[in-house]
Structure formats: C-alpha cells, structure tokens
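Look for chain A in each of the two complexes below; its partner is chain B in the first and chain C in the second.
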Partner chain A sequence: MDSVKDRIETDIKSNDVVLYMKGTPVFPQCGFSSAVVQVLTHMGVKFKGINVLEDPEIRNGIKEYANWPTIPQLYVKGEFVGGCDIVREMYQSGELAEMLQTKGVDVKLA
Partner chain B sequence: MPMAAADIETLIRTALPDASVRIDDLRGDGDHYACHVVSALFKGKSRVQQHQMVYAALKGRMGNELHAMALQTEIPASA
Partner chain C sequence: MENRPVAQAMRRKLEAALAPLVLEIDDDSAKHAGHVGARAGGESHFNMRIVSAAFAGKSRVDRQRLVHGILAEELAGPVHALALSLRAPAES
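Presenting the complex of A and B:
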C-alpha cells in the first residue's frame, strides 16, 4: 500500500483545484510557484496549496505520480494540468478559464 | 554544475531528430534557460505529453542540473 500515492490521490480527489508548490499561497518561495498562484488568484479560483518543502515524501512522490520532474504542479478535478509554463500558456490563450469552467470550477475573471 | 545550452540542444535533437531548438540563457548563468522546441513528433500530443517528451530527452536533468528551464513546444505548420 503506497501511502504517498494514496495521500496524493486523496488530496487531488477531495479538492477541485490543488497546487503542489514551494511555499504557501501567501508566501510562495519560488518564482514559478508564485506565478501560478498569481494566475489562479487573478482568476478568482479557490485552490488548495500544498507546500512540498514541508513534505519531502510528497515532493518526490508527486513527480513520480505525474511523471513530471518539477514543482509547481497544478491539478484540477484530480487531473494533472501542467507546471508553470503550461499554466501560463493556457492562461494567456484563454484555455485555462475555458477548461476550469467546463469542469465546473468557479472562475471570476477580473 | 549547470548545463551548457549546446548540451541541452544535443540531447533534445538526439531524441527528436527533426526538432528545431532555440535556447536563450536568460541570466547568462547557465542555470536559467528559456527553450523553444518545434517538432512534428509533437503532433497529436497534449502539451503535457509534448513537454514530457522533451524532459525524457534530457534524461533526468530537468529539475536537477537544469534547475529552471522555461519550455515552450510547437508543432510546425507543415506537420
């Protein structure tokens, strides 16, 4: 029973939007994590921030889980969306808002 | 030890022979790159899958020696 995988799946299944990040939404400790926090905040999207710096098991486990080598990682309705590059690209193209709304996540565009 | 841009390009081209690769050293420290990869092999793949193809080409360096590389992938218009 892989407890890390279970913990990850519990988090991403019980929260609509989850951001695995370095630091916290209020105090991001990495430019890339901070950029994704700003995108989500600007869109008025509620999300759960998980600080991988305080949880080394999750920090590695999440990279294996998504087959994605870096942090931050954004999950919507249990699905991996991408890291900073992809979230920013989708935000600029409008795909992020569209995807969130399609999945029934509240978006309040400023 | 950060990576040289040429090494990054070689690794990507080895895995994606048709790729055109542009690498900008954002801070001149060999540790903060912006990389733009265009390849027909990305066709039909999601953005996540396209990026995973590039990360696989880098053989585990992404997130390690390669601390911060902003990546953008593209499918050539001709593909």
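Presenting the complex of A and C:
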C-alpha cells in the first residue's frame, strides 16, 4: 500500500488542484465527476484529473487515503476538500472561490 | 418502502444514530440504469436530505464522514452512490 500512498502524495503535492474522478476532464464517465469538472471549468481553475477507472490501485487507495468511500475527490494544495456534494455546496455559497483564492489558486469567474 | 430493504435498513440506522428532524431518502437508481454500479433491483444510487442536531458545529467533511460511518455496511455493499445534503437545525 505504501507505494500507492506515495503516488497519491506526489500527485496532490505537485499539483495545486487535483481531481480523482471516473473518466477524464474531457470525457467524464460519471455524473458526479462530471459535475465537479463543470464547476472547476466554470471557475477557470486549472486542475489535474486522475482517472481512477484506469487504475484500480489508485481507485481503492484514494478511498483509504482520505477515509472517504466515494469518487470524485477534490484536493487543493495537498488537502482533501470533499466530493461532489461538498464541492457543489461550496461553489454555490462562494466558499470554494474564497478557499481557492486564499490558498493562492487562480480563479477566473466568468 | 416494503420492497426497499436497503433503504429501510439505512433509515433505521440513521434514525437510531442521528435522531433526525428531517430524513428524506430518495432512490435515484432508475436514473443510473445501465451505468456501472447500477443493480438490477435498484437501490444502488441514493439521494438523502438529513437535518439533525448531530451535525451542529461539524464541518461538511465531518458530517459526511459521520453518515458514511453509520452506513458503512451499505456503502461496502449495494450502495454505489450517495448524494448527501446535511444540515443542522439552525441552518435549515
């Protein structure tokens, strides 16, 4: 398991915003993953999408890593933010933009 | 609800653990039919709205983790997706 954990930590620490998702940002294969991609895209946030469907080790590893049973999972500056419900609620209340800006991530609200 | 063993079991567990003021459980499985994780009998995709004093003072992540813990057995089994709206009484 250590190598999976190392891979996750490398990804979330070397990219400001990482989304573990089903499918890719261009072709999401799950409605919940797609919803988070749409929020981030709408906010003009650059992110790295990691397709868990291509990697069963990461798919299981990320659930253990965050102690969170579902995909998608959003990480900002190495910290777990939440899944689809939380991202959507934080986007609607304006907290997501505020949190990203506080952490020094570029947000370009259309 | 009679033919909804998963939803019934989840309702019992949530009522016992959270004493919710509001507990709405919708089975969204039909919307996901044919998609990965959907099961023939439905009861794979749920949408819940819960209002409980147990959520007061807790972060969004901690609220969801609390519910995930109560429903660990279902999440490890038939339940593929769970959309949650979790509020404390003062917020609803």
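Everything below uses one rule, namely that the second predicted complex is superposed on the first by the 109 of 110 C-alpha atoms of A that agree within 3 Å, B and C clash if a C-alpha of one lies under 4 Å from a C-alpha of the other, contacts with A are read in each partner's own complex, and residues count from 1 in each chain.
In this text, contacts are C-beta pairs under 8 Å (C-beta built on N, C-alpha and C of every residue); 3 or more make two chains touch, one makes a residue touch a chain.
Just so it is clear, the model here is predicted, and its values are computed rather than measured.
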For A:Gly61, using the defined touch cut-off, is the partner it touches chain B, chain C, both, or neither? Pick first, second, both or neither. neither
With both complexes superposed on chain A, which partner does A:Glu89 reach: first (chain B), second (chain C), both or neither? both
Determine, under the contact definition given at the top, whether A:Pro72 touches first (chain B), second (chain C), both, or neither. neither
Between chain B (first) and chain C (second), which, if any, makes contact with A:Pro25: first, second, both or neither? neither
First, second, both or neither for A:Gly49, with chain B first and chain C second: neither
Could you tell me which stretches of chain A are touched by chain B in one complex and by chain C in the other? 31-32, 67-70, 80-86, 89-90
Once bound in the complex, which stretches of chain A touch chain C? 22, 29-32, 67-70, 80-86, 89-90
Of all residues in chain B, which touch chain A in the complex? 47-48, 51-52, 55, 60, 62-64, 68, 70-72
Interfacial residue positions of chain C with respect to chain A in the complex: 32, 35-36, 60-61, 64-65, 68, 72, 75-76, 81-85
Under the touch definition given earlier, write down the residues of chain A that touch chain B in their complex. 31-32, 63, 67-70, 80-86, 89-90
